[in-house]
Amino acid sequence: MELKIKGWDINFVAQKIANDIPDGSYVNLGIGIPELVANHIPKGKELIFHTENGLLGMGPAPEPHLADPELINAGKKCVTAIPGASYFHHADSFTMIRGGHIDYCVLGAFQVSQEGDLANWSTGEPDAVPAVGGAMDLVAGVKNILVITQHTTKTGEPKIVKRCSYPLTGKAVVNKIYTNYAVLEVRDKKLFVLEMAPDVNSDFLKSVTDAELNFPKSYISFYVPI
Amino acid sequence: MINKIVSSVQEAVADIFDGATVLISGFGEAGSPIELIHALIDKGTKNLTIVSNNTGSGHVGLAALIENKQVKKVICSFPKTANSVVFPELYKKGEIELELVPQGTLAERIRCGGAGVPVFYTRTSVDTVLAEGKEKRVFNGKEYLLEYAVKGDFALVKCLKADRYGNLVYNKTARNFGPIMCTAAKVTIVQAKEIVDPGQIDPEAVVTPGIFVQRVVEVKNPMEESVLVAENRRYPWN
Amino acid sequence: MELKIKGWDINFVAQKIANDIPDGSYVNLGIGIPELVANHIPKGKELIFHTENGLLGMGPAPEPHLADPELINAGKKCVTAIPGASYFHHADSFTMIRGGHIDYCVLGAFQVSQEGDLANWSTGEPDAVPAVGGAMDLVAGVKNILVITQHTTKTGEPKIVKRCSYPLTGKAVVNKIYTNYAVLEVRDKKLFVLEMAPDVNSDFLKSVTDAELNFPKSYISFYVPI
Amino acid sequence: MINKIVSSVQEAVADIFDGATVLISGFGEAGSPIELIHALIDKGTKNLTIVSNNTGSGHVGLAALIENKQVKKVICSFPKTANSVVFPELYKKGEIELELVPQGTLAERIRCGGAGVPVFYTRTSVDTVLAEGKEKRVFNGKEYLLEYAVKGDFALVKCLKADRYGNLVYNKTARNFGPIMCTAAKVTIVQAKEIVDPGQIDPEAVVTPGIFVQRVVEVKNPMEESVLVAENRRYPWN
């Protein structure tokens, strides 16, 4: 009987990202799961969070009675500002993004291709209302694009694919992919497995991945055969 | 004496004409000039092209303007939010046009409109469906898209404090599109929570210099869109 | 014996400009003679002075002991800021200029052509150090360009010419020319005389002008034949 | 912990390399980072390309850097002022290159460098000798010139107050090119009259957000160029 493979908890994946981003980095977190990264900054590390609606030095959510509907993040949730924060208008905010001043952006994904193409803004359904926000600006401008996502869709379809079937957010833009099963890196238009969850092995990973996977000799696996 | 203060939101929007392009500040409800929008609903101006990041929530403010069939087209980056019902419905019925623009491209297009720059090039949306039909050009080995400036006949903007010259400061992330929209419209109309005497705003901290503003109206206690939406209010008031 | 024709005092010319610019206008004054305009604003009229180095709401020169070398105008002279002034950086300052937000700019001239071409930045001498500053931005962006100048050079050469021999600052950019002898307007690439100084008549004006002059029926002359 | 404060101007400029492009803030003496420039003179870095509105006065600051033969080329709008002697002399001898750029075009080229915009179009200098060799294009019936972004390897900037994150505020018209130069350099080095704790600068009034700054050094009592020029001082000190 096959064991149910769960991989890492998504919070643990967020923690991995928080560990990997260097101290002192300027970071933009996408809406949803990427926001978890902010909960896991290691002690002694200082990251500065940028939200494209005009705040550098975003802090955590406020106590409910202190919430200010005019102090929000890109997901339109109430946030706080750290001492040393600054407010600015949208053109200045996207100067930070387009100008390559943000070090890391962590985004969710519908699909990521083995060449680093990202699809995360539209499923391409003809009658859906298209909405892009700042996603295309972020992937075009930020130095390092990290994706955090479940490895497959809720129905078990691969999200890490040879070629995205959904409309692209950007082509060859993703640097690393963090999923519940593995950490993958795009190098020279190829996808390398850097690390796998303890209950994941390479055969399993291939079985839930449409993309071609490369296993460098030095990849980390916590897999222990049972 | 220069005095850009007008006494009511009605007076402030009185000359907005059918078919005008109107830039409306705000990111969600933060910075959305809801009282000015409601005055525009009262006025009933038709066939507007609205440039705004979103399309409003519930049945008040920008959503109500759209629901009232005054808007022909919206130019925006994210035409739906948690509580957007009006725009999606009209859009699916084909009753409103949408020009979808990435948020940073929208911001820069508006800034260009204000700065006398007709076009600029950007990497944003290269190799995506939003690049279709756009002129491309390679600089330093990378492909860029040509994007055109956006200008408005009017801008409706919300701020925190203003003086009679039109100098403005904003509140936190409600600043968002306000300052660039002020620069890009022929007539910029601002609602301020407080009007102060010239010199009361530190000249080092002025965000929008008065030259970019034509009219200021004081709205001391602006409504909060999220509260109105939670109460299921509709404008015109039900 | 021919009388010496003096025309108006240059301060009176500056006053004419101050009278002509509508109340509430945003005005940029060039370095030198144009600065005189600020001394002649009629009572009850409010003009806002812009200086391209980052100040809107420029006031007069300070008392010497209050001079701040970090509060200067485009000519690098110490100035003051009125209540309601604002400071901004150079890109924002030239947004005001290039974006067409400044109503009037008053500039000096080496030469102005009958079609409104302006030459005021270089005499084209081969070994001179060229320096343009903001002059080309101003003539390209400001809604109305007014020139204040002596009608001829110190050696009596015409400055109002058919065609500029000096390098242009801008082509067809000047709206009105205020000299010690006359006020002229460029319309449809022709030069019209709007007004002449009391001791100037049309023959004299033609004699000191290289450009073709048009005298509309309604021009004002204070000339009284002697 | 993020701490961009360095302890001396020498340390601040230590890695500026021969052949670097250096953006230097200031409009005349207002905003000119004279102590950082003098540290660069002490270091003796050669073949610099300097982007600055002017070329300095007398024999101190930027003029002294040029006089010390460290500068290959200047990109500026107005390379002479009442007290400019160094640049004009070298220029007439053909010993220094000049790229003359209209002031607003220079400002926008620097802003583009910081904003990831490779080029823009402007009406400025159309039909003048400065348009020669430049690509032209017509928009809405008017001719525009294509202008390229300017970026620096380093920027040297003077401000009033800074904190350890690199947030900056400036003093009056000494702001000028500082904020845009901060955005357009790989390494932005700032001298501040005062370093304050984070939070001491009102987040609504920050002019340069810290993301655009890499190093800050406190220079409590910066010298005044005009005073030094009046005293006929020379750097290195005579």
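Per-chain numbering from 1; labels A, B, C and D assigned in written order.
Going forward, a contact is a pair of C-beta atoms (placed from the backbone, for glycine too) under 8 Å apart; a residue touches a chain by one contact, two chains touch by 3 or more.
Keep in mind the model is a prediction, meaning the values are calculated, not measured.
J.: Touching both chain A and chain B, which chains are there?
T.: Neighbours common to chain A and chain B are D.
J.: Between B-C and C-D, name the chain pair that shares the greater number of C-beta pairs in contact.
T.: Between B-C and C-D, the larger count of C-beta pairs in contact belongs to C-D.
J.: Need the CA-centroid distance for the pair chain A / chain D, whole Å please.
T.: Roughly 37 Å, centre to centre.
J.: Taking the mean of the CA coordinates per chain, how far is chain C from chain D in Å?
T.: Spacing between the chain centres: roughly 30 Å.
J.: For chain D, jot down the residues that touch at least 2 other chains.
T.: 108, 111, 115-117, 122-123, 170-172, 204, 207 - these are the residues of chain D that touch more than one other chain.
J.: Out of chain C, which residues touch more than one other chain, so two or more?
T.: 81, 87-88, 91, 94, 97-98, 141
J.: Who touches whom among the chains?
T.: Those chain pairs which touch are A-B, A-D, B-C, B-D, C-D.
J.: Can you name the residues of chain D that touch chain B in the complex?
T.: 108, 112, 115-123, 139-140, 144, 169-172, 202, 204-205, 207
J.: Considering only the defined contacts, which chain B positions touch chain C in the complex?
T.: Within the complex, chain B touches chain C at residues 1-2, 111, 114-117, 163-165, 167, 183, 197-199, 203-204, 206, 209-212.
J.: In their complex, what parts of chain A are in touch with chain D?
T.: 23-24, 26, 44, 46, 48, 50, 56-57, 81-88, 91-92, 94-102, 141
J.: Taking the complex as given, what residues does chain C use to touch chain D?
T.: Residues 51-55, 68-72, 76, 81, 87-91, 93-94, 97-98, 127, 129-137, 140-141, 167-171.
J.: Which of the residues in chain D end up touching chain C in this complex?
T.: Per the stated touch rule, the residues are 27-31, 77-82, 87-88, 91-92, 98, 100-108, 110-111, 122-130, 170-180, 207, 224-226.
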